[in-house]
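Take this structure first; my questions come after.
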Amino acid sequence: MSGAWREYLGLGVALGALVLAFGALTDHFLSRATFAVIASQVPAAILVAVGMTFVLILAGIDLSVGSVLGLAGAVLGAALGPLGLSLPAGLLATLLTGLLCGALNGALSVYVRLPSFIVTLGMMEIARGTAYTVSRSQTAYLGARVEWIAETTVLGLSPATLVALAAAAVGQIVLSRTLFGRYVVAIGTNEEAVRLSGIDPRPIKWIVFAASGLLAGLAAVVHTARLASADPNAGSGLELQAIAAVVIGGTSLMGGRGSVVRSLFGVVIIAVLGTGLAQMGAAEPVKRLITGCVIVAAVVIDRYRNRSQGREGQ
Amino acid sequence: MLGREGGRRRLVLVGLAGLAVAITACRPQPQAQTPGRPRIALVMKSLANEFFLTMEKGAREHQAKNAARYELLANGIKDELDVNAQASLVEQMIAQKADAIVLAPADSKALVAACKRAADAGLVVVNIDNRLDAAALAERGLRIPFVGPDNRKGARQVGEHLARTLQRGDAVAIIEGVPTTFNAQQRKLGFQDAIEAAGLRLVASQSGEWEMAKANQVAAALLGEHPELKAFLCANDNMALGAVAARKAAGKEGAVRIVGFDDISAVAELVKTGQVLATADQHAGELAVFGIEYALETLDKKSPPADRETPVDLVTAETLR
Amino acid sequence: MPAAVLLRAESLAKTYTTPALADVSLELRGGEVHALVGENGAGKSTLARILVGLTKPDAGRMLREGHAYAPSGKAEAARRGVAIVLQELNLVESLTVAEQVLLGAWPSRLGFVDRRALREQAHAALGRVGLRGIDLERPVRSLGVGQRQMLAMAAALARPCRVLILDEPTAALSEHEAERLFAEMERLKAEGAAILYASHRLEEVRRLADRVTVLRDGRVVATRERGEATSAELVQLMVGRDAGSRPPRDARPTPSGEPVLRIRGLRRGRVLRDVSFELGRGEILGLAGLMGSGRTETVRALFGADRVEGGEIELRGRRLPRFFTSPKQAVAHGIALVTENRKDEGLLLPLSVRANLTLARLSELCRRGFVRPEAETAAARTLASRLGVKCASLEQPVRQLSGGNQQKVVLGRWLDRDFDVLLCDEPTRGVDVAARAEIHEHLQELAAAGKAVLVVSSEIEELRALCDRIVVLSAGSVAATFGREGFDQDAILVAALRDHAGGKGAA
């Protein structure tokens, strides 16, 4: 346990340093309002990052999450708009859309044995295309029907933030405490060894991809609620942002290693960077430059940390 | 092993065959070739964008009504920034022996070379929506007429409407589009014109990259950093929607005004209730039609190329009533 | 013999968390084979790596024919005439055989690889290790373990070398391949080169070595001239106690003979043409054969890891409709497998000893899907102590264990499970003498407890010591079966070569 806390310490310090730096560089960064803004922005990214963490630990990748979010959001927009469904029915349709996309990704990559990179790249296009079709490429304004989800209620947190934090907590517990999580780590470490131990890795992998899709669907609800609109372009580029956040959190792209809580830190670090740089009034090129540097630096630091630990043991 | 391989190959073949059938079924019905009827190619930016979709719809309706006058080849690219794909589209249109190209360029400079090839091939080229760079055109010795709205003027109208509700010295911020595009630059200039004229104080101008989520993040950050902000001038309506959400999250619904541009359907309700103070309608549905009409005229009369301005109208709660 | 000292190491030391080497000095003379023996973890590999600059010593120095020598890596060592073949082969799977052999020294013309020169030089180098018949354009990934080992050897010898370091070179070789290697070593020795030969196999050491240095816990315990020490004495030096008390095979009652597993006419492509045998309760059955004879493939087919094209299988007297289609199914039917290649197929290297030991039965250590940490730790602790796994803690990554301890972990994974048949593919490859004896002991205990055990091994000696019967495979079919009284090294070898006419046997 103490080991785990020490692991979080490094990221916590990095985050703290970032917050203090922005505090010094701007007039109003260190305020309740800023943190409320960040808290309202991260839920969708957290949900997607939770799923992505599992996928990366499996040594897979899911490039479709951004587009699936867009599609699920468009479904929500269509359900509440032209189709005139009730909110529960609309939410159900949204989540089912995400689940279906994820399940399809999983089925193709696991049972047809295609690389997940290719399968989800295909899904990325398919889902986006479908999103445009479903929404007729129009942004739908949903207003108060969904806004309450993103509105602050309990302890200064919105239902959306609470759902995201709950998903992260559940994800971390599943990963570290359950049979399923242990299998996920083992498969990501050496799938053949797991198979030869008499465990069928396929259903486990399939569930992980399906869950990633479902979480993207949930993220779509949260995202749509925050903006009170269903935008068919929503989530474009989110897959890379999620991968960046997860990697900042120290999850290995090679599989077998990762932590949901650390991914959460990654998401928050990226959100703080975005908000802080905007408050500083940094120009677009500078923002991109700095964000890129932070991602690379995080991975470099993580690599050194691992190597020094590896050396200790050898 | 062999059996399985073979099975998989068969599966792939069946899949490909199915795909081919599907593609054939999706293809629009080829229109009967009438000799002498000019072929006009409409090359747009992203069809994912409502604005261009409306534009395409307008063009198709116009063609349906005027089927005897011309044949329409409408195309768009996937990603608004994929200049390369658009340049190849222009070349495909040359190869397809179109008589005229009506082009909404994804980039105001990078498409000039493709236009030059089209002009050299004897096609009439009409520029709509996003104006090609004058210097780049001059360097190539090209004269391509621009048919479209004056974005700067439109943005100025929107800005002036906003200014009437504010006091001299009030703090405002601009949320720009992708800064490399002509329209983003023009709209920003138009907003600035209005801001200067009314003596407002511009405290920040940042890019929301035409996107709702991005604009939301920027607007939220600006509200935090500049609590005195009285208004956002957004270069399109999607970004205005993002700003509306940011304003709501900050609990400043009464205190901050927001204007947009484009008049997309999703903001109509917000304009009616005053949550978005104003937007500009540049008649997207007819923009392509203006270009097509112009191209037909040129083909007909061989008149020398000259720019033609199309109307931009201010949309407010009053005009929607 | 006043032979020149080609490489001298003085007081080398290296400490990780614990000392791996302490005050090790060594001389390699021209024209000698210098054996380095010791249990795994004694520091043999660390020493070998230091000699070619793959590991930096914390203290001490090295001299190459009297000149200071501190190579920065294999490339510089090679320039100074020192070559190495590592225990863990570092081959590039996607290269062709020819490219791999000359990797780092591809002949080129104007920046382009000169394919013809490449092929010629590779052909010559491969010929030296008896791989003359191999297709130079074959990808490395298609080679078996033994061929890879010989390929690595050819690569080391492709450039002129005065000092050759071999770390466990015969672990993956069939006896025949090993003979080729020994011939090549004799040739180098005659040319005046020095060879450092790290091995567990004392028979080989006794046969080949001019001098033997024994390492224990990172220190040199003794150096003996040829003929000065008996195998028993060496073992005692290595383990620091009398380890010669391996329980003889006869301590176990003769198996009842009641067959648990019976297969007939197992077929798969050209690899398995007709494999039939039966395995009785309480029996240890050996599966012998050359590389490529279908031993590993038989085991994998039985375990459902590979598809099968034909044949019948009978388990506990009941005919099954087909061979297993997945390992999961095989396990559900009471079959367990200890894989050939523990690093690629057996272990979760970065994960803890605990996680590796409990992998196969983790589902039983759960309540409502949650792993019970106390139950898991207890299970792992029991297994580790039962097997005598030496590790700093149960949380130590299994990667850090010695080969013998890693192999115990792979075996241990199954011990808690209810199984009738244990398939072991090369259970003691790259494992030190003491650990090997322990693993043999465990297999015998399992058999005594009524399990049926199938052991695949390249070492006929191992099978003779362990098994009740030996089935010999040759080119994918059963060539002969020997009972205990008929165990004869030559007869087994002849049977193994039966269907490999004109193959490696004639080279």
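Read from first to last, the chains carry the letters A, B and C; within each, the first residue is number 1.
Rule of thumb we're sticking to: a residue touches a chain if its C-beta (ideal position, glycine included) is under 8 Å from a C-beta of that chain, and two chains touch if they have at least 3 such contacts.
Predicted model, so just to flag it, every value in this text is computed and none were measured.
Engineer: Count the C-beta contact pairs for A-B and for A-C, then tell me which is higher.
Structural biologist: Between the chain pairs A-B and A-C, A-B carries more contacts.
Engineer: Of all the other chains, whose mean CA position lies farthest from chain B?
Structural biologist: The chain farthest from chain B, judged by C-alpha centres, is C.
Engineer: Using mean C-alpha positions as chain centres, tell me how far chain B is from chain C in Å, no decimals.
Structural biologist: 67
Engineer: Taking each chain's centre as the mean position of its Cα atoms, how many Å separate chain A from chain B?
Structural biologist: Centre separation, chain A to chain B: 31 Å.
Engineer: How many angstrom between the C-alpha centroids of chain C and chain A?
Structural biologist: 44
Engineer: Looking at the complex, which residues from chain A come into contact with chain C?
Structural biologist: 177-180, 182-183, 185-186, 189-190, 192-200, 256-257, 311-314
Engineer: Spell out the part of chain B that touches chain A in their complex, as residue ranges.
Structural biologist: For this pair, the touching residues of chain B are 47-50, 53, 179, 204, 206-207, 209, 211-213, 216-218, 220-227, 237-238, 241-242, 244-246, 248-250, 264-267, 269-270.
Engineer: Under the stated contact criterion, what part of chain C meets chain A in this complex?
Structural biologist: Residues 16-17, 303, 305, 326-328, 330-332, 336-337, 339, 344-351, 355, 359-360, 362-363, 366, 369-371, 396-397, 399-400, 413.
Engineer: Which bits of chain A are touching chain B when the two form their complex?
Structural biologist: 26-29, 31, 33-34, 36-37, 40-41, 128, 132, 136-141, 143, 147, 150, 223, 226-229, 231-236, 274-276, 278-279, 281, 283-284
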